Structure formats: C-alpha cells, structure tokens
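Here subunit A shows up in two complexes: once beside subunit B, once beside subunit C.
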Partner chain A sequence: MIALASASANRRGARIMRAIPAGLKLAGLALIGAGLLFVENAFALGGVFALCLVLAWAVGAAPLLRALLPPAFMLALAFVAHLVLGDWQVGLVMILRIGALLLLASVVSASTGVSEMLAVMDRVLAPLRWVGVATRPVGVACMLTLRFAPMLGARWQALGEAWRARSPRRAQWRLVTPFVISTLDDADRAADALAARGAFARDD
Partner chain B sequence: MNQSVTVRLDGVSVSRGGSRVLHDLTLSLAERRIGIIGRNGSGKTTLARVIKGLLTPDHGQVRVAGLDPSARTREAAAAVGFLFQNSDHQILCPNVGEEIAFGPIQAGMDKDAAHAAVTRLLSAQGVADWIDRPVVALSEGQRRLVCLLAVLILEPRVLILDEPFNGLDIPTRRGLMAFLEDLPQQILIISHDVESLHDADRLLWLEAGKIHDDGPPPLVGPRFLKAMDRAADIRAEGAA
Partner chain C sequence: MEKTVARIALFAALIAALGLVPQIVLPFAGGVPITAQTLGVMLAGLMLGPWRGAGAVLVFMAVVAMGAPLLAGGRGGLGVFAGPTVGFFVGWPVAAAVIGLVNRAMRHQAPLLGGIAASMLGGIVVLYIFGIIGLAMITQMDLVAATVAVLIFIPGDILKAVIAAFIAREVRRARPDLVD
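Now for the complex of A and B:
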C-alpha cells in the first residue's frame, strides 16, 4: 500500500485524480464497488475492467500494476478452478469484477495522501467526538501503523538474518522473544519522537 | 535570535538503575555552536535528553529560554528541536510531506496551512518533489534532511543534534555541515568525532556524568584526543 502511495505526480491524469477530494473518491469507490456486485454481464464487466486499466495507466501507475501481480495470480488460479470444476463464465465474471475493484482501489490509494484519508476518517468519526471521545489519537495511531508495519517486517527479517549468520539451525519461534523486546524498544523510541515534536503537549 | 543565555542547568543530576548518569551539572550555554564530546556512556545523550525535556532530572532545574522543557506545553515543546541519532527512530509518518507537517499540526496549525508551509520549506531546499515520496524510498542522507526539516519547521530557539554525522558519506556530511552553519538557531551537537566540531564556539567534554573540560575547540580538542589515545594505550598494555 505504501509503495503505491506515489503515482508519478507529473502526469495529467495523476494531477486530476489528486485534485478530486479524498471523500469523494472513497465514496465513489464504495458506490462503484457495491454497484458492480449487481452487474452479471461479462461484456459490461470487461468494459469496466478495461476502463480501470486505462485509468491506472493514466495516473502513471506502472509500479502499481507490478504490486498487483500477486493478487492477479490468485485471480488467475480462481479462474482456472472455475474452468476445471464448473462454469468458466461465472469465473470470468468474478475475476473481472474483483480485478476492476482492485485496480480502482489502487488508483484511489495511489492518488490520495495518507493525511487526506485520515481527514476523511476524522469526519466519519465526528459523532464519537460529540459524545466526548477524543478522536485525534485514532488518526495518529493509523499514521503510525502505516509507518511501522513495513519496519516490523524488516525487523523480523533482520533478526532472522542475524540468527542465520551464526546458527545452522532454523530460527522459527525462537525469534519471537527478541522480536517482541525490540518492538517494545521501538515503541519507546516512537514515544520519544512523538514527545519531541509536541504530540503530548496540552492546549494551554 | 536572542544572544543571552538560552540554556541553563542548575545542579542537575540524573540516576538510571542506581548509578548516576549526570552528576550535579551546572551550566550556562549561550554560544551559537556548542559541541558536546565524550566517550560512550559519558552522559552526552542523557544531557541532551534533559535539555530537550524528554527526561526529567532527579535533582536540579533546567531552563531553556526561561521555560521548563519537560513541561507539556506547546511553548516548551517548540523551544528545543531534537534530531535523533537514528532517523528511523524519529520518522513517524509514511511520507515526507506528512512527516514534516506532523509537528505544526500537533501545534495546532490547520492542515492546509501546514501543507503550504511544508511546500515552501521543501521548495526552498530545491526538493519540492519529495513531498509525496514515501520515506522508505529515501537514502540515509535524505532521511536525515527530512528529519532536520521536520524539526526546523517548528522554528525552535535551540537545536540539539545527537551524532548528526553518523552513517553519512563524506559529501553528505559536508553538505549537512554547510546547511547547519547557515541556521540562525543555537545548536548543540553531540559527537565523539571531535574533528567534525573544530568550527564550534565551545566544546564541553563530559566524563562519567561530569564536565571534564570546557573551552574553545583548539584547546579542548587536542586534550580530548590525547586522553583518548592514552585510554587506548592503557587497555592495550593490560591486554598484553
């Protein structure tokens, strides 16, 4: 997701998509997603899929398409299963529908900044604020999750490499303890970084 | 910029796990560029964290521009900027624009104004196109610059840099030094690399939580290096 968040900004299509308010894009995505469930015609779905491909190309999202290769592979497998076990037309409708949605969702996430997404969430959460629940930490937490999720993966990998560098045996579950400890260390550091830039400052 | 004393420590002591990390420090820091040197574990980073207010001393008092830096007020938070040793420990947001806008937004600036300020800052550095880049796509030197900009946008009076040149190649290091030279802020640089601090106005040498030496770099620097050589010698003899 994060690698996707940077469609090349100098394309005209990308500029147009970026200019559309995030709320509108997300609402549109939800509506189209729901609407596609009711379309059963393979030709119509094929048309929608082609449109989504053109859109992805227009926002200059070639790296985006590469990131979609694993799900595309899954869809291909699902189609083969339908082909072998039953009705290939049902399979075609299914993969066109999901493929179009994946493309569209990727285009939206590639052309919308994380802060814009969070602003939409902030508006959606507004009713909670009316009953006295603080919603600012929710936005910060989402941001931190997006930032640290890839770092946790990298940390696990680094621990695995450190293990393999000194042991012929497989590490497996033995990495869990150092992983948890180093993650808690990271959390401490993130708290410091938050404090250093005034995230815990009170409004006075 | 106010030329009067901005950082003042009065009898500051900090203990960690039963041992004293800082020992009754009393200091007035007024010079524009101050280097803090010392060996590993001498208390350099602890001193920096106390001045930033990330750590509250067990005894004594810290004042930065007349404020208690550990008070959780916006004014106190904005008084000191802190550059962490490891950029990855400082970056909180997935992309550059958001990372730099984080501080201003926390300080109550609205999102559009913060975005405009970030755009201005990045353009002034000639890197306007970084704004939407994911931080993971930046090099170590670029990340260091993003961290620095994320701190500078808050316009702190004092800037504390914890080993800012670590892990940077020579051109990046020189570029960063030139960039720092032009900043109007009072800057405290922590380092064990005394050569990178020869242009400082004052060097503080910490040893076991106390000020061991204090003066201009041409005086303190050679003494420090000599002491480090001696320490290495003694260890070599002990091992032989």
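Now for the complex of A and C:
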C-alpha cells in the first residue's frame, strides 16, 4: 500500500488537528490562503509565518519540512533574484506569504486522511448530482488510481524478472511496450470486474 | 463506462508510477525537478485522446491534492497548489487535451511525427506558458526571468515527447482497437 503523507500520530497537536472535520480545515485553508493575498505588511506576514511554523512543529514537523525542501529552495532563489534586481522587500513579502501558505497546506494534508478528503470531494460534487451528472465514477477512478499505482510497480518488476530469467543482456527499453499493453489489459479486466459488480448501476 | 473509468485510473496511476523514476533536481533552475511524469501526461493525451486524457490527469491531480505523495520526489498534498511549480501542475490537463487533439488530427497521416508534434505542442509550448506564468506569479519575478529559469528543462522535454510518441505508436500497433 502507498504510505500516505501523515503527521506523527502520537503528538497532541496532531491529534487535535485530526479531530477537526476535514471540510472545516479545507474551508479554513482556502479562506486564509485568499486572505493572505491582500496582506502586504511584512511584519503581519512574518507573524502568520511564525504561527504556521509553530503549527507545523506541533503536528510533527520533520517529515513535513523535508517534503517542503524543494519549494523552499526555489523560493530562496527567487528571493535572491529580487535582492539582486533591487526590491528586497517585495521578495520578503513573497517568501513569507508563500511560505506560510505552503506550511499551512502541508499541515492540513498531513492531518487529514485520504478517505476524509474523498468524502469532502463527494460533497463538493453534490450539486452536479442534483442536475443529473453521475459523480460516482469520479470517486471510483480516484480509488482505482490508488490501487493501480503500486500494482504498476509490481508489474514492472515482474516483467524485469522474467526478462532476466531469459536473457543475460539488459532489458533497457524493450519492456516498455509490453508493460503498457499488459497494464491496459489489466485495466480492462478491472473494468469487467467493476461491471460485473454493478459499479455505476446504483448511482444515487 | 467501466472501461473508460478503469483506463483513466490506469493512466493516472501511470503518471504516479513515473514519479518513482529517479528524478534529477537542478538547483540552478530553482529546484524544479526533471521528472518522467510529463511523459505520463503525454502518453495519456496520445493514447486516451483529449478528453479522457485530461480526465486521467485531473484524477491524478485530485489524488495528489488529497494527500497521496505521488508527485515526483514523494511530494503531495495541498501544498503543491501554493508552490512555485503550481503553473506546470495546473497546465497538465490542458496540455493533455491539446496533445490529444493535435494527435487525433495528425495521427492518420503520420503516426510517429504526429505524436511527436502533438507532445511538443501540448507538453512543451502550452505547458510552459502555464508554468512560466505560475512561476512569475508566485515568486513575483518578471516573465522574462521566469522564462530563462525554465529554459533548462526544454531538452529533456523534447526527449520525453519523442519517447512518448514511440511508445504510443508501438502500443497502437499491438492494440489497434485502442480508440482514443
């Protein structure tokens, strides 16, 4: 199974964040994200950034912060660009605002399970359902993706092992086409299984 | 219906799996990683067609937004939408749709060249317009600086476009019934 990005479960801050309903967290994130765009004061943004850092630390920061390294590096580089080109204050406001948003978004993601997120998505899509659009396939596709992703890795390994059993040479690109074709066949079989179980028949 | 959903999910998962291919991070280009995931976007457009291809990309994005760390380098979650690469991310479904449309128009005359042209037009021209605007907006650089920062990725993406077209042609030979 895929290891999902998650906060360390035994921290008190993580438990509190987990207890907040997913919809509330997402709505809060959206509101704060939109609100931050209108804040231009570097001190205020610095305060928000510090708060977000504390929050990230409270839910168990280490894995979170590691995932944020590449974007952080990029922001730092953009700050340097602003520094060289003249207006370092624009750079500072930018880095604090985006940094706070990145931290906050990661905290929400780390403290919310995929199943909760799926439930929220289902609720967001509800208006489509009222006008007669089937929304069930969307959720099914998301779950299938989570199931297929590790399966593809296993399939690629199996093909590689079969190749090595037959040939002393390296497979290189030769396995790519059989890989794609066999996974397409897998998907079609999964579709048959879905149809047999009436996947979208009782769409409500 | 079931077949369509399963294939969309398959290509979404393929984009995810391609994120496991070791990535090269170029520090001087601002840490935007060179990944194989764009290859998955190109394949989705070439093999599923414009709308289902874009659908596969959207499903992948939804799963990433929900927190699955499937973006190259084990990234995922909502932070992606606040990061400097958000433009590329948002441009992916549009790129897949353009690739599908161009490929559909050109495939019958020239399967391989059509695939390469489609992948380049959608996966490079269209995608980079989104990516550059996103980078400029997030970091408040001007468009020229943002353009210079991402130029380094073009050669890798040209290579990916050629590979995608080759794979799509081979798979279509083996499964001619694969309508897009």
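Here are some notes:
The working rule: the second predicted complex is superposed on the first by the 141 of 204 C-alpha atoms of A that agree within 3 Å, B and C clash if a C-alpha of one lies under 4 Å from a C-alpha of the other, contacts with A are read in each partner's own complex, and residues count from 1 in each chain.
Basically, a residue touches a chain if its C-beta (ideal position, glycine included) is under 8 Å from a C-beta of that chain, and two chains touch if they have at least 3 such contacts.
Here the structure is a predicted model, which is why all the values come from computation and not from measurement.
Touched residues of subunit A, counted separately for subunit B and subunit C, are more numerous for C.
Of the two partner chains placed by the overlay, subunit B and subunit C both lie in contact with A:Ala195. In the superposition on chain A, A:Thr135 makes contact with neither subunit B nor subunit C. Looking at the shared chain after the overlay, A:Ser109 reaches subunit C, while subunit B stays out of its contact range.
Touch criterion met: A:Ala119 reaches subunit B, while subunit C stays clear of it. Contact with subunit C, but none with subunit B, is seen for A:Ala67 once the two complexes are overlaid on the shared chain. In the superposition on chain A, A:Met151 makes contact with both subunit B and subunit C. The contact surfaces that subunit B and subunit C form on subunit A in the two complexes overlap at residues 2-3, 5-6, 113-114, 144, 146-147, 151, 186, 190, 192, 194-195, 199-200. Residues 1-3, 5-10, 12-14, 16-17, 20, 25, 27, 30-33, 43, 55, 59-60, 62-63, 65-70, 73-85, 138-141, 145, 167, 170-171, 174-175, 178 of subunit C are the ones that touch subunit A when the two sit in their complex. Residues 2-3, 5-6, 9, 113-115, 119, 143-144, 146-147, 150-151, 186, 189-190, 192-204 of subunit A are the ones touching subunit B in the complex. Residues 52-54, 72-74, 76-78, 82, 84, 86, 88-95, 97-98, 101-103, 106-108, 111, 129, 132-137, 150-151, 154 of subunit B are the ones that touch subunit A when the two sit in their complex. Within the complex, the subunit A residues that touch subunit C are 2-6, 26, 29, 33, 67-68, 70-71, 73-75, 77-78, 81-82, 85, 90-91, 94, 98, 101-103, 105-106, 108-110, 112-114, 117-118, 121, 137-138, 140-142, 144-149, 151-153, 156, 176-177, 180-181, 183-184, 186-188, 190-192, 194-195, 199-200.
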